Amino acid sequence: MADRTPLRGRGHYKAWRAIATRWMDNDVYGHVNNVVYYSFFDTAVNAWLVEHGLLDIERGPLIGLVVETGCTYARPVAFPEEVQAGIVATKIGNTSVRYDIGLFVKGNPQPAAQGFFVHVYVDRPSRRPQALAPEWKSTLRKIAGPDAG
Amino acid sequence: MADRTPLRGRGHYKAWRAIATRWMDNDVYGHVNNVVYYSFFDTAVNAWLVEHGLLDIERGPLIGLVVETGCTYARPVAFPEEVQAGIVATKIGNTSVRYDIGLFVKGNPQPAAQGFFVHVYVDRPSRRPQALAPEWKSTLRKIAGPDAG
Amino acid sequence: MADRTPLRGRGHYKAWRAIATRWMDNDVYGHVNNVVYYSFFDTAVNAWLVEHGLLDIERGPLIGLVVETGCTYARPVAFPEEVQAGIVATKIGNTSVRYDIGLFVKGNPQPAAQGFFVHVYVDRPSRRPQALAPEWKSTLRKIAGPDAG
Amino acid sequence: MADRTPLRGRGHYKAWRAIATRWMDNDVYGHVNNVVYYSFFDTAVNAWLVEHGLLDIERGPLIGLVVETGCTYARPVAFPEEVQAGIVATKIGNTSVRYDIGLFVKGNPQPAAQGFFVHVYVDRPSRRPQALAPEWKSTLRKIAGPDAG
């Protein structure tokens, strides 16, 4: 019944972020709760955008709204392990970008989970979609997959 | 680029749970963060299972592991609004169940988001998938959609 | 070694807010994690301020910054129990307010936890403390304890 | 009205843990929400205990229950900054330990916040307090402050 997408290795991803797990990430069954994985997605994508000068959380004219996300869970993760989140832009559209994210436990070549995250970029005051400026597109190409457009 | 599944109204869902939003659910853009929606999914499904005698979080022989989830975001939600989560079992398999979840703001007929949540039920000590017992299947049929099997 | 403050019953509090627990609130030991209690504090105080017209999260000129909090834990809480948070303003200062909060499980007269939460009210753009306007003080007196000033 | 305890510098603490902030840690005012600081406390203390062989989250005979916590907030922290959490055991009792925690933004000598966290160690099945074994006490002395007992 689960997603039949094959699991992708570390080579699929173009940029990485290390994220410490937290005590409260573990749920009653002793592993990081399924919800928290999306926080790793959110963190990996937004941190990359901030650190590459595209997103200014407080003052930038553009903000990214999330319109769709999904995740397939392959192996458990548990505090205090460190998560390494890989990202790749798989579709660079006119106003939106789709990112694939892979989550790996430090030292393990097999993914713990993989998913996607679709951002629509909107004007901050009106919240209307905005065409991505050339510097956004050229910067995003640094982490683009082969068919990202 | 987003999921083209049509948005489903309240009539699609078979059971409901009210969930208070929390101050910290709102992110820097003033709305409930995309991650938190999955916490509403998790809460609605598990609460229903606990309250219908299927899941005993501390001592039950069976636990539900999440293998796949996804969400399409349609309208923002903001603290202090109340969320109403509707659930319907759309696929009752041998060892797994797929639930659709719709999130609505109290008083609004239009969904704020919709998604799905796939649980595989496993034996607690071995974490191996277990065939669902007849009482699980008969109880789950109370919230089954037309093609749930 | 813990705080020797006696536990206070429901009669100590002046306003109430019901908060649904969530699946992921439970930590690996099967009870709501200690961190989450502070989210209940935050939610109860801010919801009261919003619903009484004092705080406008998006546009109001004043925002509340948290400068100190504390909590004593008395009894465990577990999902899917409902939490009832009682609040009382125990010190209404010139620019700050101290609230006591008691957390109770629905149906139980004994507190699960009690704590406090100190807000300093600041001008949104400058983040400088602002003297509370007369309508703030008069509204806050509706939930003031006997020595709140 | 806030706690008059003087702010303590990095030299007060005996062990450190780096914790990545996450996108959703930022609240609507653009800074890490007050609740999340307690997650840093929880994480720093428990990670130290796990990594020094005292706590085995899944199977250990002893678990740590939190009986009291508190925090004074001094400077804002914002995603994507990295938090460095310092810990020191300030009271090693018979069945409980009090830890002081200081939170610092990477590169800043001034604390963003400081607080405390009191654990009572209990027998896992009965949840009754247990006297700390000699190896617990000797290991904890590696991070003990001058008056920890």
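For reference, chains read A, B, C and D in written order, and residue numbers begin at 1 within each chain.
Rule of thumb we're sticking to: contacts are C-beta pairs under 8 Å (C-beta built on N, C-alpha and C of every residue); 3 or more make two chains touch, one makes a residue touch a chain.
No experiment lies behind these values; they were computed from the predicted model shown.
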Cα superposition angle of subunit B on its copy subunit C, in degrees to the nearest 5: 180
Per Cα centroids, the chain farthest from subunit D: B
Euclidean distance of C-alpha centroids - subunit A vs subunit D, Å: 29
Rounded Å distance between subunit A and subunit C, as computed from the means of their C-alpha atoms: 34
Separation of mean Cα positions, subunit D and subunit C [Å, integer]: 23
Residue numbers of subunit C (touch at least two other chains): 23-24, 26, 28, 30, 33, 35-36, 39, 42, 57-58
Residues of subunit D defined as touching subunit B within the complex: 23-24, 26-28, 30, 33, 35-36
Subunit B to subunit A touching residues, read off their complex: 1-3, 28-29, 33-36, 38-39, 42, 57-58, 63, 65-73, 91, 93, 96, 98, 118
In the complex, subunit B residues that touch subunit C: 17-24, 26, 30, 39-40, 42-43, 46-47, 50-51, 57-58, 78-80
